[in-house]
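Heads up, the next two complexes both have chain A, just with different partners, chain B and then chain C.
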Partner chain A sequence: MTDRRIGALKIALAAAAAAIAALGAVPLYRHRHDRVPIVPGPGVTSVLRLSDYVPSLKGSMADTDVFVLAGAKPGGKALIMANTHANEPAGLLTAFLLVENAVVEEGTLYVIPTFNASAGRNTKPGDGYPLYFSIPTSWGAKRFRLGNRDASPLEQWPDPDVYIHYPERQMLSYLDVRNTNRTWPGRPDGPLMERVTYAAMELLRREKIDVAIDMHGAETMFPVTNCIVAPTKSSKIATLVSMTVKAMEGFDNHVEPSPGNFRGLSHREIGDFADTMPFLLEAPIPFLDQPTGPKTEKLLLDGRDPFLLGLARAHKLFVPYDAAGWPMDKRVGQHCSVSLEILRQFTKKYPEKAIRLSAVPRYAELVANGTGRYLHDPAQADPKALRYE
Partner chain B sequence: MGVITIFYYLLCLYLAVILAWNFVRERKSVNDMILTLLVLVPLVLRLLRIK
Partner chain C sequence: MRKFAIVCLAAALAAALSAAPQAQAPLPKASLPVLTTSAGQSNDANTVNAVLEEAGIKYDYCDVPTVEMLAAGVGLAGKQSAAGFHVEINSDPAKFPKGTAYKTVIIAIGASLKGMGASGLTTDSEEARVKKLIEACKKSKILLVGVHAGGEAARGPAGSDNERMIDAVAPFADVLVVTKDSDKDGRFTKIAARTKAPLVKVDFALGMVDVLKKMF
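Moving on, here comes the complex of A and B:
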């Protein structure tokens, strides 16, 4: 080949390689820098940042909004967290509903919609995760990012061979160093995700928060699913909540005890390191089960899968499962009703620390009307008031 | 950014420069040119902090 032909060939090959790189890079870059608007509702009185409690988070992808909904009357205080695992989005939608709709009549509610903000900008291409999912509303589809269980290595790297939990020194999977439901209670100078959980611990301690609710999703084949995980100090309220939602709203949500020898989880460490009652909510999410069909947006939203249906017939699942699947609206409804019921039962037990909310839909309303009915149109909101998650 | 991460990026940069130089110098084998570019792609994505 002549020099000229070799040069032309190299330019063509380099252009093809650049195109391949761009095809992979552009969607991931857009996903990482995507901003989902949230319309603060009438109940929101101020917005803090997690970095207000640990300044070293400021400017990092791990910093996130803390919405404060202070009631007209003083009372108790509650914190509700979502997207601790950003691939379990029923909690995220519930947090959006709370921020956009809730009115606090008594006490104060803190809401963190994207607790692991870095994980919300991460994905799992090896499992074929969709990058986004959309919720239909009367004003159009609202798009959310689907994240990953763990924070992005772009924020925290390298991973150790074994994650040694602080302060208990229990040996955990190397991946758990980026999992904000293994890094509790954290430390101010630890790896980034330990600083995230430490900031939340500081929020709980400094603001004297009485109740903490961490919203998750779990596989239908995992025994700890469709439940409230609670340590001993929260178990009475959790049991009353479980019985009440079953009797009054017709859905199961059993209580699982928080194991004392499994460290790093919110339902364990929050109770041990603060004067707060922790609750962890698990709603079934068929999308996360291993033996399903393709991991599509449809499966994420309707939870219908023929392979899981076969396994249900063989009694291999830990939740009732039929051709209706386990739709997102049902999962969001469970999170809403269980959270509201925890606050109601806490208020009954400690009337001097009452936390009363209104304008939040419950299970039956969400199943009947859909989650989108309660999401507000950012185009109609005051642009200065909008926040982006 | 930690010290290990900085070294990692320096290593990626070093390998990317070496590969790019090999690509420029390669004159005979088209297969080697293609393979060099394929190895270069993930290194470039790392340096750009895409993935």
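Moving on, here comes the complex of A and C:
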């Protein structure tokens, strides 16, 4: 073959490689820059940014909205966070539902729908994860990004060989430096995700937040699922919440104590570094279990999998799983009911710091009506009022 | 024919007697002051405490009380919470000053390796500790209430940690209060039938509020 022909072949092969790379890159680029509108409801009184608490976050992908719903009557304060892990979307949907519907009668509610905003723009295509999922509504399907557990290395890189937790110096996996459920309480000059959690700690301390709820999802093969994880200071309320939702709303729930020697998690560090009572909620998400079929949008939404069914029959799962799966509406319903019950039990114990919400559906309504019923059409909203997650 | 009729009648009478519900032993009256604790260090001790608070019953609590602490009475000899050791003193000091002997002990049965580990215990040492405590309760004629609120999830095969805690407490309890889910295999029913202790079964742990209100 002549030099000219070799040259031409090289150019052709390079062009083909670039075309294949572009085919793969374009959807990832679009995913990273996709904007999901959120329609602030009648309860939203202002919108802050996490960078209001740590200015160095401003302009970064890690900065995110903090919706404030201040009640007509002063009272206690609660912070609800979602999408610490952006591949556990029931919390994200719950947060959207709260922002778009909740009205605070007494006290103040702060909601962060995408706590790890970078993780919400990260993907896991190597595992065959879908890039998006859609929730049916009366006005059409509303599309959300499916993110990843950790912040994107485009925002925070390189990773250390071992992540040494600040300030306890516990050695954690290198990946956990980008996991905002391992970087609490954070520091103002640490790696980006430590600054995110530090900003949240500042919010908790400056605003004197009484209750913090961090919404998650966990595999059905993992014992810490269908539960509230709570440290000693929150355990009495968590126990009452768990007993009440089980008895009165008919879904399973238990309390897992927050281990004192596992550092970096919200349910540990928020209570240790602020006066706030932390609660971490886990609803089952079959999609994350290892031994499932293909990771499709359908599996994400309905949780139905024949392999998990077989494992359930062999008593290998930690939740009561059957052929109905574990639909998203059930998970969102669990998060809504447990969150509302936490606020109710807190208000009962501390009436001088009451936090009362209305217009938020509970488990039975979400299972009956579907999550989409409570999402509002951004096309009908004032474009100036819309926010984007 | 006559003999046949007598045999049939006798069989019918025997069947009727065996189908008749056995008279449940009456629920004993519990007195204050009360100490709550755990056998196995699961979160079910918190469930018992939460239930008592809902019932408006003040209690002292320790996750790992010794026989000496039990004997010290209300206030638990001034012990304070520390890592792996939890104490709560809620008894009304006006009615029950420090040192007043406990009249009732409620033990929440449920094993947690995490909980036992956090208190520096193994299943063996926890079992031994609970046995000593129960002996002391019996010697001092303290009413012993065994509670199992963890449901089927807090059960296991014979010899498992959960079953060992049940073995250590249930046969010696003066009263057993369990959720129906906890007694799915009839274990507590069989124990209560053998010991003649009253057994109260509730649908959910929240139902224990009314039971304890009636007892105290």
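Simple rule for what comes next: the second predicted complex is superposed on the first by the 376 of 389 C-alpha atoms of A that agree within 3 Å, B and C clash if a C-alpha of one lies under 4 Å from a C-alpha of the other, contacts with A are read in each partner's own complex, and residues count from 1 in each chain.
We adopt the following convention: contacts are C-beta pairs under 8 Å (C-beta built on N, C-alpha and C of every residue); 3 or more make two chains touch, one makes a residue touch a chain.
All of these numbers come straight from a predicted model, not from anything done at the bench.
Undergrad: Return first, second, both or neither, reflecting whether A:M243 touches chain B, chain C, both chains, or no partner chain.
TA: Second partner only.
Undergrad: Examine A:A324 and indicate which partner it touches, taking first as chain B and second as chain C; both and neither are also allowed.
TA: Touch partners of A:A324: none, neither chain B nor chain C.
Undergrad: One more residue to check, A:S235. First (chain B), second (chain C), both or neither?
TA: second
Undergrad: So, does A:A379 touch the first partner chain B, the second partner chain C, both, or neither?
TA: In the superposition, A:A379 contacts neither chain B nor chain C.
Undergrad: Once the structures are superposed on A, label A:I6 by its partner contacts, choosing first (chain B), second (chain C), both or neither.
TA: In the superposed model, A:I6 contacts chain B only, not chain C.
Undergrad: Looking at the overlay, does A:V162 come into contact with chain B only (first), chain C only (second), both, or neither?
TA: Touch partners of A:V162: none, neither chain B nor chain C.
Undergrad: In their shared complex, at which residues does chain B touch chain A?
TA: 2, 4-5, 8, 23-24, 27, 30, 33-34, 37-38, 40-41, 44-45, 48-51
Undergrad: Quick check on the complex: what are the chain A residues that touch chain B?
TA: Within the complex, chain A contacts chain B at residues 1, 6, 9-10, 13-14, 16-17, 20-21, 24-25, 28-29, 32, 154, 157-158.
Undergrad: Contact residues on chain C for chain A in the complex?
TA: 43, 46-47, 49-51, 53-54, 83, 86, 114-115, 118, 150, 153, 203-207
Undergrad: Help me check something: in the complex, which residues belonging to chain A touch chain C?
TA: So the residues of chain A touching chain C come out as 232, 235-236, 238-240, 243-244, 246-248, 254-257, 259-260.
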